[in-house]
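Two complexes follow with chain A in common, the first pairing it with chain B and the second with chain C.
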Partner chain A sequence: MPFADTSPHEDYTAAVERVAGRALGVLMDAEGTVVPAGFAPADPRLAEPHDPDADLPGLRVLGSDALAPHVLRGTPLPTDQVEAAARAFAVFPPDTLGASPETAWIITWRDWATAHTLTRFGLAMDVPTPGDGAQVADASTWQSWSVRMAQLSSLALPGLDGPIHAAARRNAESLARGVVRAMLRRDYRTAARIARWLALLAADGVAFPLELDPLLRHVRLFGGGSTRTVLDTRIAQHVTGLEDS
Partner chain B sequence: MTGGLARGDVLKTAHTIGSRALRWLHDNARFGPLPTHTVVDFNDQDSAYKPLGEMALACSLVLREGVAGPGDLAAARALVEFAWGQFRDGDFLYERQVRHPLVTDPLETYAHFVRAGIRHERMDRLLAHLSELRSVHAIEMMPNRRLAVANASRVAGLTHRPDWPALAADTWLGMTPEPWVIDWMTAYHMTHAVFHITDWGAHPELLPTEIRDYLRVWLPVWVDVWAEVAQYDLVGELLIVDACLAEPVCDAQGWQTLAAAQHPSGLLPRDADPVDEDPERAFKDHEHTAVVAIVAGTVTLARSLGTAPAPTLG
Partner chain C sequence: MLTQYIRQPAAATPTQAGTVATLMIEEETTISDAPLFAPEDFGGGLLVLGLLLSPKPPKER
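And then the complex of A and B:
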């Protein structure tokens, strides 16, 4: 659908949702799985001709989240998508993403996750080396700590490991408290992202006193319809191997 | 400890908040008497009857724990006697129980005075009789209310022995439910289940292990979210729950929120709404929060000092 009067921010948000929707379609396109209406993989015959670079902001923002369905389902990433991911990096280098000096380290870690994931699909990328994760080493203030971990949720993918993951494993209870706090504040976006970490911990056999399945379902029903949020809940569900619901 | 406060500072804050709330309640109690011609079967329980009972509850705990200074102990004693006087030295409660054998509020109110060392002989005989009746124990009520009656019976020294684990298991808390689906009213019910099981923090060891473990993880989250939206009354109730645990789990943040909200007069607003300029209206609006603050400060300090309350287990 053409947008006559959209702001750059709206175009950007639309691109994120569009790319998230496509990733969700890949993730849900399993045999015997019902694909939610609106989330089916796009039929190329029906696709409108559009600027091939229109999705780049979405690819750049979602980073490894856009690739996660291929990782989780073990399907190859089409060459044109590998190239698009690389182009997104070139068009939007880290210093264009609006990070402050306090949050630049988060971008560095997310780019690390994207680059690391892309190497699985044959693309070597040169990204800055992230630090030692000192920013998440202390989880005693679990409120702000869990929000930082939410911002790092695209790292919560099987196959990625490092000091951020080690901090998550050490602080399952802080993640659990953080997700409950986000749920009660109706910040479902943050809740879904923290749930990504809990899903990874569950897959690793780390115990925490929370059932993820009803929580993820609740986010989908109450979360306000963001495709990106739904994608996070579905990735989390896939990572834990929970039955679809 | 987050917020830079050591446990000792938390206790100091808790004590100060409770003590100031007690003084405010004492200074304003003249606004809370029962109307002169109150009859035993009135309907408007919340106007003065219930608040007087709650005042007696808070003061009975100050007296039970004995960790307050001489001035606060005297104020608490004076308020208990004021409330008892309002109830015509217990005759009001007795007559209401005679008129309505199946209502539980006379027993529940009376128990606070018993805790403070006050007895009413005819009431004792009446309650002993009623507690022998199956009908009385079969009254249909919410699970946390059933715990309230069980605790009042225990404090009043009645011989009936309820099945505490079964009563606790029936509550919202007993289900150890999803902690992210709780609303304001359910949170109040949850707190009261804890209060009654432990007799307001006298017996943390009576809290079932599953409930204790559950609260250890989730109570700090609830304090955080309700402090953020300035629900001071509920935050106070949640901090009482913390004091009812064998080992408190909440940091200084909740207490700091209450300390910042308390007025110089000792009034602690129930929420972020403006406080009415009319002192009588302000008393009515915020007396419950004063009760909460007194109980929270008292029980927190007492459990931290490791003092044992007077035995109340029947």
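And then the complex of A and C:
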């Protein structure tokens, strides 16, 4: 239920944090016990909402990230969550999100990842077909390229493969540079997202000149209390098999 | 394929859809300078005010 004195951005950010917190609970096998860091229970927007549709923006924003814990742990997705994911797509159809032409392709790819992940749980979604990934083919300007890859981080999951993943494999060094740049800028949100790609590459045996474990730990400790960021670091740790750290 | 009834809620407004798109495509944060005390030029005015309020020097007769 939207609050009268909050903007849609605040309400939707809270929804994203709630959904990320639940996904984190599934991933850490402690469902229902995760207290979203930073937002503390004092924030009433993080309490369980009465409106069943209040979490739909969070599900739509997180997409395959909300489903990743079930993929990584091999647990079935509850039927109500499958239904909620379908309703999130019904409320926010891909063609109405109003992204600019420069960024619309990113949403198309993220929707592809979500739809592809949902098919594992028995739900077929009709989403636009993404292009050939030409936007990330050239990584010579690695600063902006790595930011684009950060925006595509929800594709960095085992079982997904395509031209974006091929570009990541070809440019592991650019990803490593990008994550170091983000760390130096203290942009931990971007660092966590790029680290998702590096984790996938590490799982695939691709070498890069960076030690991922201390980086993920640092981002988790200093990442500013965003549950979404913590979820990214934990997903990266599970993908690489470093989840005990 | 699941066979289930899916409730169809109302579609989002353009503002809501735009907000979702913004949260999906998070841009990197902008770099700012070191935090400064906002009215840092207040000191100049304070000096002038002190000069105006200070007692005048005694005149020689």
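Odds and ends about this structure:
Everything that follows uses one rule, which is that the second predicted complex is superposed on the first by the 217 of 245 C-alpha atoms of A that agree within 3 Å, B and C clash if a C-alpha of one lies under 4 Å from a C-alpha of the other, contacts with A are read in each partner's own complex, and residues count from 1 in each chain.
Rule of thumb we're sticking to: contacts are C-beta pairs under 8 Å (C-beta built on N, C-alpha and C of every residue); 3 or more make two chains touch, one makes a residue touch a chain.
This is a predicted model, so every value here is computed, not measured.
Within the superposed three-chain model, A:Val61 lies in touch with chain C and out of touch with chain B [touch as defined at top]. Judged by the touch definition given at the top, the superposed model places A:Arg185 against both chain B and chain C. By the touch criterion defined above, A:Val82 reaches chain C but does not reach chain B. Applying the stated contact rule after C-alpha superposition, one finds that A:Ala207 touches neither chain B nor chain C. Set against each other, chain B and chain C touch different numbers of residues in chain A, with C touching more. Contacts of A:Val91 after superposition: chain C is touched, whereas chain B is not reached. In the superposition on chain A, A:Thr13 makes contact with chain C only, while chain B stays out of contact range. According to the touch criterion, the shared surface of chain A, contacted by chain B in one complex and chain C in the other, consists of residues 185. Put simply, chain A touches chain C in their complex at residues 8-9, 12-13, 16, 53, 56-57, 60-61, 63, 79, 82-83, 86-87, 90-93, 96-99, 103, 106-107, 110, 122-124, 147, 150-151, 182, 185, 187, 189-190, 193.
Residues 2, 178-182, 213-214, 217-218, 220-222, 224-225, 228 of chain B touch chain A in their complex.
Across the complex, chain C meets chain A through its residues 1-2, 4, 6-12, 14-29, 31.
Remark: chain A residues 140-143, 173, 176-177, 179-181, 183-185, 191, 209-211, 214-215, 218 touch chain B in the complex.
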